[in-house]
């Protein structure tokens, strides 16, 4: 499927960092949704480069909807979002095009596209491509919010600095998500957030960059979403998250800590709470057998340090075919965790909506047939 | 796509643990492949329950190919693999069907399928469904092996016991993969392997179970595989790996350790080695920008402890609608890491072959057109 | 997608005429459908070879459901249907395998699969593959029937013999569909049917075969199904119908007669009938702009004469590489129109259900959102 | 898949007739293709409204490539084509929006999109959407041409006027296709073409419109393309052709005339011609068993008369809910056959390229494996 994701609602992403425009086509949105353009703008705002902790390339990221939107509502046909590239300084890249930037896609893309790749600023591999994803994600988010679902992401860890974690119960997470709405820097602990900002600024001064872990939570997600094979909720979300540049690991619930737990410790016992079936602990992050169980979804995404650093690095010059020293120019982020948080939120929204549509289609059919003589036990 | 994975070669999985048969349809295999049935049998053997460290339900897992195979070769039409369920003792499950097993899919499946799920032995959620995946994976593996690709997985960590890790260079990994071929228990360090076996046996005695981490490596994978969006190699592999029951996290290269690394530490500098472009370190696990770069692919899969333990657990009885105590009967694995290793190998093979076909299709076209006037620089 | 069709409910077809079994995996059926196995058997019966007007190879076509079906209901996981091949006389084919049968797939399959094709009895190209399609189609049909949809097909034309045509209004078609239920030979006019049977028998005596046109109607199909691009209802149905062996043309409503009509003649004026919007004529066969409009769907499928005739034919011998004379052995149908009618019905059911699910998924979502403030005008 | 077609190369269509722009995203094009923009312009020119036989809405149809194209070559990432709508007079539609236009999608779209559809000028259902299809098709055409494939379409029949038909041999068709290249009006017989033009002009004067049949041929298509189920070449091409507005029937080779032929007449005997296997006749239009056989592909597409006529018609007013008279305003085509020919060519190119990629992917793999020990017999 390459640049298209989704079966019920399909997203087709296009564009290059230094091309004319980037954008996304969203197909399958039901007609009649009054788009929340304020939400879209707020989400786009979260992704924007700000202050000294981000790149100095500031893009307006003006979202234009050029199809599928009529009289303030979705029309049911493909909705196309276009974002023009305005603040382009390609000359910064001209000089380094033949010098492979370490841990960037320069070399792997060069082999893949046999020299025809658009190398300016990362081309189609650029983090800029996450802008249309955030715009599209805000539509998925709006739909989910109207169904009660809430999603948020904070920086769990930036190098050695660790934020407070999301709670285990829906109530705790609800409070935390509300708190995060107004944060300009996404941490649950403000002091920790300030320390992280200082760390990023210090990194920038060192001509270095820094990585970390994002923690996300989604609550009020209906139980029963996801498919046993091959589209478990974990599969769907990981598929999306691993296409965000710089993501190198994704885990759910207790994640890699499961390695240290015995079954007797790791199992989430069932219990009743106000007549509803819940689990006493939530090691599984709201997902059993690949299917949501109604508990908060918890997931972790590790983001590597931005590969664009200003220190001299060892490289190979494709033109001369020889080893060479590289010093990167251009405008780059010393850390992208704070900007990536809303991208992760967007991907989670896109993934959950896909699973929800899948489940609803079957339910709609069965309801029409009214042949459900046994019915649900729960 | 639910139970179907893949675009070039498609795998459709079906069956339930206690039904008549499980199986898989593989569509898109080129005609004329002389199947290596010995390799298939060896792979199936690795997955089988053996000794005291596995369940006492021993299945013959006799693979029958009922279509798409003619005169010892693939015929080009869908190849269907059938594995009958023989050693079925469903009565063990009759008693517990209404008591939700913690950390199993019982509850989430019950909500999803509204009471109509086949609850016997996990039904379609059962680990038994990985048997046809291993059979199918062995075909993908055979094709990749003929192209020079090698894949192997060992137990990196079982609770507090840690095995030696895969090396950073192709040469090191090649030796390690060769070593693993003859191991009945998949560790690189034999002593560590023995300790792990003892730990599993001890767990079994405690009516408990244990989890851990698998590390996989793939070498001689051509550079240039994967797509920037949304089908990065990481996305494809994670999608497949997260549909293996019990997998809760997947990471590539340095994985979650990236959180602790500055860009200056994490970047993999480029260098020349015998005229070939390589990276000096391999934090990125052979993948840059979602695309393979020719270095060894390294990935980690965390497997939670088997949820079926024999200790009494808190649960809810769907029939009475009340909380109740559950003691699981039946035959279960105290650990599945050693059996899961070949399942992970199979998924990796399926994923890499998919990405390879994707890339080859385009190349085949361009070669026919012979319009590649610029050509590759590398 | 090759042997898999459908996005909401997916059908994966496998098997060869003289292999061990043929079958189909149906994925995406909602859980809880009490399968109407009588309907399935009746549909299978309609497809069976009977009397002198069909092949003498009589197959039991015993349908076995080996997964996805539990306690008399669909379980929500892939439902697999298996039909064993029992009455196989492959030796009839051994002699002719290298002699290309005119208008069969022998040559094109040989090129496609480079000599590795299963040539026995048409292999995967055999009309036998329509047996699992009818079984699967009966499930789609059952669902549609419960929603009120009715579908039927009769022989519109067999050589120079022409049956009565389906009426233009829902009421007329309803009566005709009811009439067709009990027919052993699918014509609306019994006398015409008898003449057709005689013609087929005469053909058989002449060692020849005969073709014709099937006309199908579907009523009570909800308006609004289909997509403008690329999944118009016509696209979906034609896609399915053209994969039935021997189909060489598909048309809707007035079909190829549209060439003779001016716009003023061909347009279907809108009118009100008991408060409902209808069209006064139905040249468009219930489809406007690729979307159903609530009027009866009318479609025509031309079926070429069975290529297996017993007269000597010119051919090429692949073994010698020379021209040669071919006299076909084996057991073949002098006409397949009467057996193909239920296959066409099955494909229509599969196609309409797919479009219905597509539409329902969106509606279900929008209903949940209850944001449909404008609402439908009609 | 809705507005996306294709698996190897994917086309995602978007836009509305009176929106800001229409366009298409093409994903999966191999990198390094030097686009033939002249061919694209020539194809676009063929589709344009010209003279008195077409609508008076003249659109510049300026094609802008905004991504996936770098330094004169495809870059391997999604290629996006944008065509702005410039000559928009939506006020013509304001008045009729609530009056259903007969045989248009007004009513079916209204039900489908529940009143939220963009009704201006047909919206997403407009024939304007075929402009990006022609642009995309010209790229597919260019690739096929470089591989030797030639495709052309002429007006076989316009009401009672019938053109000369395509010949049965590759040589005859080759000459005819060459002849058609320079025609401003697509007929094989110039006199017949003039008569058709007069007929269209006469229709326009009568405020009426006229339909007809297009015949297409494709030669030098490699044998072996297409899949038995469900993606026969006929299925793929029909799927695409039936999404062109106004197409109501598609047939291959002798098409609906097969109904009048006995097997002994309809079968295409095999023979050798200069050492190559050919068929003596070509009733099957170059396709056996859904797979190309190397003979010319012949297909027929019936195009209904344009539903927009200037005569008063019976209709229903959605606003009042009452029957009403409708007189269509705006600028419309009295016939679209001459403009549709290049759209049909484009769809055929898209479909054949898809099938070719499918086949090449498998071949590329098997060649790499060099395990093809039996090899092709032919």
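Which chain is which? They are A, B, C and D, in the order written, and residues in each are numbered from 1.
As a working rule, contacts are C-beta pairs under 8 Å (C-beta built on N, C-alpha and C of every residue); 3 or more make two chains touch, one makes a residue touch a chain.
Listed by chain with UniProt protein names: A, B, C, D = Chorismate synthase.
Since this is a predicted model, take the numbers as computed values, not measurements.
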item: Reference chain B; chain at largest CA-centroid distance; value: D
item: A-D or C-D - the one linked by more C-beta pairs in contact; value: C-D
item: Gap in Å, rounded to a whole number, between the CA centres of chain D and chain B; value: 44
item: Separation of chain C from chain D, taking each centre as the mean of its C-alpha atoms, in whole Å; value: 25
item: Inter-chain centre distance, chain A versus chain D - centres from mean C-alpha coordinates, in Å; value: 39
item: In chain A, residues with contacts to at least two other chains; value: 1-4, 7, 13, 28, 31-32, 73, 76-77, 112, 114-116, 124, 228, 358, 372, 374
item: Residue numbers on chain B that touch chain C, as the complex places them; value: 1-4, 10, 12-16, 19-23, 25, 27-28, 31-32, 64, 66-68, 70-71, 73-80, 112-118, 123-124
item: Residue ranges of chain B in contact with chain D within the complex; value: 7-8, 28-34, 73, 76-77, 143, 146-147, 228, 356-358, 360-366, 368-369, 371-374
item: Touch list for chain C against partner chain D, complex; value: 1-5, 7, 13, 100, 102-112, 114-116, 124-125, 129, 157-160, 203, 208-213, 223-232, 234-236, 238-240, 242-243, 245, 247-256, 258-272, 277, 279-280, 283-285, 287-294, 300, 302-309, 311, 313-316, 318-319, 322-323, 358-359, 372, 374-378
